[in-house]
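Here come two complexes built around chain A, the first alongside chain B, the second alongside chain C.
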Partner chain A sequence: MPILKRLLLRLVTTFVTLFGVAVIVFVVIRVVPGNPIAMMLPPGAGEDDILRLKALYGLDKSIPEQFLIWLGGVLQGDFGTSITTRQPVLELVLSRLPATLELSVMALIIAVVAGGILALTGTRLRGGRVEAGIDVANGMALSVPDFLWGLVLILLFGVLWPVFQISGRVSPNIDLPFSTRFYLFESVLRLRFDIWADLVSHMFMPALALAIPLAAIIAQLLKQSLKETMHLDYVTLARTKGYGENHVIIREALPNAILPTLTLVGVQFTFLIGGTVIIERLFSYEGLGNMAINAVINRDLPLIQGIVILFALIFTMVNLLVDLTYAALNPRLRRG
Partner chain B sequence: MKLSRRSLLKLSAASLTLSGFGLPTLAQPIEELVIAYNVNLPSWDPTVGTSAVNPTLQGLYQSVFDQFIAQDTDLSQKPGLLTDWGWNEDRTQVYMTVREGVTWHDGVPFTAEDVVWSLERAASEGGGNPIQFIWSTIGNFRIDGNRITGDVLRFEPTIFKWMSFLTGYVMPKHYVEKVGADGFEAAPIGTGPYMVEKYERNAYVRLKANENYWGGAPEFKTVTIKFVTDAAARVAEVESGNSHVTLEVPYEEFDRLKAGRLEGVARPVSDIAMIFFNDIEPMTDPNVRKAAVMAVNKQAIVDRLLSGYGVPIDTLQAPDYMAYDPSIRTPHDPEKAKELLAASGYGPDNPVRFTVQTTRGYKPKDYEIIQAIVGLWRRVGIEAEIEVYEVAKHFELRAADQLAPAAFYNWGNSIGDPTTSTGFAMFGPSPHSVWDGEDLIGMIAPLWGERDEEKRIAGWKAVDRYIAENALVLPLFQYVQPILHAPGVKVVPHASGALLPHLMTRA
Partner chain C sequence: MSAFLTIEGLNVSLSGVLPILRSVDLAVHAGEVRGLVGESGAGKSMIGKAILGTLPRALRIESGRILLDGEDLQRMRPRDRRRLIGAKAALIPQDPLTALNPARRIGPQITDRLVDILGWRRRAALSRALELLDEVRITDPERVMRAYPHELSGGMRQRILIASAFAAEPRLIVADEPTTALDVTVQKQILRLIRDMQARHGTALLFVTHDLGVVSKICQTLTVLYGGLVLEDTTIEEFFAAPGHPYSAALLGATPKYTDPHGSLTPVPQSVIDAANAQLDAFDRARRQ
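Right after this comes the complex of A and B.
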């Protein structure tokens, strides 16, 4: 049972990774300059006020003591209380996670579709002006960071040709009759396409800004893999059997060429989630990334810890998923 | 596919139709006011936690809650939920008269009991009010109809000023006791001009006009405040017509957009830029401090870096503050600065060296301003090295009294009282103070409890003069707040910097 063994091994390493991340983030945010108590001191506060506030937030104890108290809480599902909002961290973080996941998945879909089309087109019309044009476009897409794409999109589709919403996740005048926070997903299930259109109108620009660099990477790598595969014997055999070029590329070359791209997409997806921090800020999108920036600015230590742990969990889970998918698709790995 | 003229026209028509769908334009009459606000609202209770002392959130709070005493747009106090207030003759008691006929957003009548409960809650040690040390100076309240009397437990001359300042809000006793802190966060109510209809944390708040508001129903019946923290996105919001009003945009953008289809209003607000001097080497040399002050051309900095949007200041009092004294001047005099440095053995060839700390991007052009100042200092014989830090580090270093010899900061004071500007910034024992000279502590200490108001203000003016003469701090300028808005709305700015939708009307 190699896959099950592999899964168990990865789950163990996941827990070890999460524990390591927890220790590092806990220590680092307490060691770096800027403590939350100094930020919340009102004018006229004295030494007594400082001591009172430190005791109130448990910052009067040593870092190991604080960590053990926090870890004890986490093991019971209590990630602490946010200093700025005075709400439970777990509740806050979980309420924002669906927004970020939906945005990331939408960006991934755009990137895979756009990158895939560009790669297939470039392979089909290789050696000509179209491929050269795709290479130039890829180069441009990669050399501009995602937040700059965001600004360009805001200017184009928010100001000059205002077809998309610039900020937020959903229009405030829409009442959401949903039971989860996966609004986009639930709007489809409930056939509320009016809400779906509004959500897409808000999500499209941030998702596209995130997707552009990833689409370029996918296009480059997949095109390269396809071109290499096109010279292999079995592809030549398919040609001699009389199959058309489109059939040869899509049915014969693509299944093998896609494997390295799949690994890359998995790794890049985690980077894409990391990229939401800046993009969500730019578009005032109510996701985890936006919340993370506020937490860092306000030195909201419990909230920073909660967000980082969740990000780490997502990263490890995505990597695990990629490994399993790769194993499922690759017969050599499947057999161990 | 060939693109014919006909298909191009069809495409253009479709694009125009699509672009008009669901998105507001500047030309449309405004039914629902949309404001792109520059900060998030983390918490609804304006009396506890860190949000309660965040000056940038007060405009949001004042839309829903009323303060004990109202404040006019020029910072002066006026009757609000309290219509009359003061001390008895020997200042051992306070009295307050509560407005009648006011109701909470849930329709329950507002009473004197709400005022007393709010004051006692604020004064409670475990209550979480960051200004508890001020509210605890009065107590033992008695209610007689709509009249409240209480004992002065420790005389605090600014107690009534605080009733228009941070955490000075009246909270609904019946409602908080019924729903608790979490219930209040989920559905807050107040007596203010707007009621919270819908709130999505980190995203927006949708407000509905309080038709029974004691100060008159607001003109805009629905107001949506979007939290758009990125300045470029806020500019795009108003430029595209998605929002009707925004604030805190770069001054260059303000001028550009004001010259086009949008309108703008810019007025000085109660927020000043300054450079703290720490009483460590080389700032213990008065010649170095005085030269550092004289070398700076504040007007040139305002004109060239802030497009003229700023008011140079000579003390920590802005012109609309109570203890402002126009006769206290610290003129720009680079020649005199050179002479002073020469007297201490310094000059352009043998400069005095120190570090100046600043934030970068926390306030408009903060880093550029410090760069300009360092350039001006260099001309007279001061070689300053710039150290950039986050504002959180500034707070930590300031509380620990470990700032560099010079450190840039901004100081807000929306009640205009000298205790909350010069007082807390310059009184050595305060964790916010940087200069710890005993002489200054000796001058300020008696003013905290001074019962004679004229004498108190005169005392603070003397303190400001002493600070200016000895160059214990470098006041730079008063900030000007740029507000951009659509032509269909008239915006009345508030000197506190609070953007208040109930003061907005249709143009």
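Right after this comes the complex of A and C.
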């Protein structure tokens, strides 16, 4: 059962990765200049106030000691308390996670659909002007990073032709009768399309900004892979059976061409999730990334620690998902 | 009797610059087994591809006609042409390891043409496929239909491709070196299988090969190609008794004798090659004028 073995191996590496990330972040945020205590001191506080506060947050001990205490808490599901809001880190982080997941998945869907259509169109019309146009567009999309696309979109659809919301996740005047924070998802389940439309009009631009570079990568890789596949013998054989170009691309070439693209898209998707940090800031979208930047500004050590661990966990999960999908799509791995 | 396949004056070039096929004439009658021989690069595969409508994009048909069952392929709408070819002709490819789609199960790869192009009912196509797999002597056809290509050996896959080629009862099959990619032991079985299937179904066969030994065993007629030019078009008896072109004779001398497989071989002499090249030049010059 190689799949089971792979899963087990993946589980082990996940723990090792998370532990490593925890150690590195823990040390780094404590040795860089700037400390949380200084930021919360009222004017005129004395030496002993500082010592008391340090003791309160456990910052008076050595870094290894602090780490062990933190780790002990984590093993019991306690990620500490935010210094700025005094709420449990876990609670804070989980409250923002759905917003970021929805944004990332929306961006992924846009990227896959747009990239897929471009790749198929480019393959169908290969060697002509359309393919050349697609290549140029891909090159442009890739030479501009996601946050600059965000600015361009804000200028275009927020200022010049204001059709989308440029700030926040949902309009403040809207009641949210939801039981989870997956607003977009739940608005569909509850058939509240008014709320859904408001959410989409907020999410569309940040999602598009994140999606543009990934869409270009998908378009480029998949088109390349499709074009190579189109020369293979089984494609030629299908043509002799009487099938036309469209059929041959979609049924013969695509299922094989997808595989090499999939692995790379997985890696690129983790970059996209990383990109949410700045994009959320740009669009004042209340997700994890925005929270992360606030936490760094406030030197909220426990919160930074918690967010980084969560991001690391998401990355490993994405990789696992890619592995499973690859195995599911590849008949050579499906059996035996 | 008019032939099932007639190629007349077919000129194919690489982007209009380099001639690949030079005014090729070739006919295959119903039920006839015609060998197509020539050294590597002579254009044998391109003739097959021209018939089946799968010439590489860089290659262009400059002039000439290809008549399949009396229909001029070049004058048909692309979709009708594809469907006519799919219904009346088929290919047995060279390399069974690359000719089956690794992402699809075997069953649909045999039945798809019947269902999508010829409009059969799925169930009828399925039982036809099982019948054919049985005919090419594959044991447990039901399991094979559900298998993926990588689960089967090269010989098995070539049997499947043969079954698939015969599925729609085509009137013409192009077999492009169907045994060169196989083990020597399997080669003989596959060759015999193709011959038996051909005889049983009465299908015309255009058999591309460099192997004159194979030609002597299964073909009735023969076309010798050099540099895209037909040097000789003859029957097997005549060819082996008295080859009609010095190049053919040299080719025959360069082939191991069936009766004496270890006898000495003479490579094609340079003088013969020079003469053949001169013939190509003369052809090109005549055509340019």
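By our rule, the second predicted complex is superposed on the first by the 332 of 336 C-alpha atoms of A that agree within 3 Å, B and C clash if a C-alpha of one lies under 4 Å from a C-alpha of the other, contacts with A are read in each partner's own complex, and residues count from 1 in each chain.
The definition used in the following text is that a residue touches a chain if its C-beta (ideal position, glycine included) is under 8 Å from a C-beta of that chain, and two chains touch if they have at least 3 such contacts.
What you see is a predicted model, and the numbers here were worked out from it, not measured in a lab.
In the three-chain model built by superposing on chain A, chain B and chain C fit together without any clash. Legend: residue contacts after superposition of the two complexes on their common chain; A:I195 is shown touching neither chain B nor chain C. Shared-chain residue A:Q165: touches chain B; no touch with chain C. Of the two partners chain B and chain C, more residues of chain A are touched by B.
In the superposition on chain A, A:Q87 contacts chain B only, with no contact to chain C.
In the overlay built on the shared chain, the residue A:Y234 is in contact with chain C alone; chain B does not reach it. Legend: residue contacts after superposition of the two complexes on their common chain; A:L97 is shown touching neither chain B nor chain C. Contact with chain C, but none with chain B, is seen for A:N256 once the two complexes are overlaid on the shared chain.
In the superposition on chain A, contact is made by A:M39 with chain B only, not with chain C. The gap separating chain B from chain C at its narrowest, counted between C-alpha atoms of the superposed chains, is 24 angstrom.
Common to the chain B and chain C contact sets on chain A is no residue at all. Interface residues of chain A facing chain B in the complex, by the touch rule stated above, are 33-47, 49-50, 52, 56, 82-87, 92, 95-96, 151, 154-155, 158-159, 161-163, 165-173, 198, 201, 281-284, 286, 290-291, 294, 297-299. For chain B in complex with chain A, the touching residues are 15, 18-19, 22-23, 32, 36, 40, 42-43, 45, 48-51, 53, 125, 128, 130-131, 133-134, 166, 181, 185, 198, 200-204, 206, 224, 226-230, 232-233, 236-237, 239-242, 389-393, 395-400, 419-420, 423-424, 429-432. The part of chain C that touches chain A in the complex is made up of residues 52-54, 57, 78-79, 82-83, 85-87, 89-91, 93-95, 98-104, 112-113, 116-117, 148, 150-151, 161.
Within the complex formed with chain C, the residues of chain A that make contact are 127, 232-234, 236-244, 247, 251-252, 255-256, 329-332, 335.
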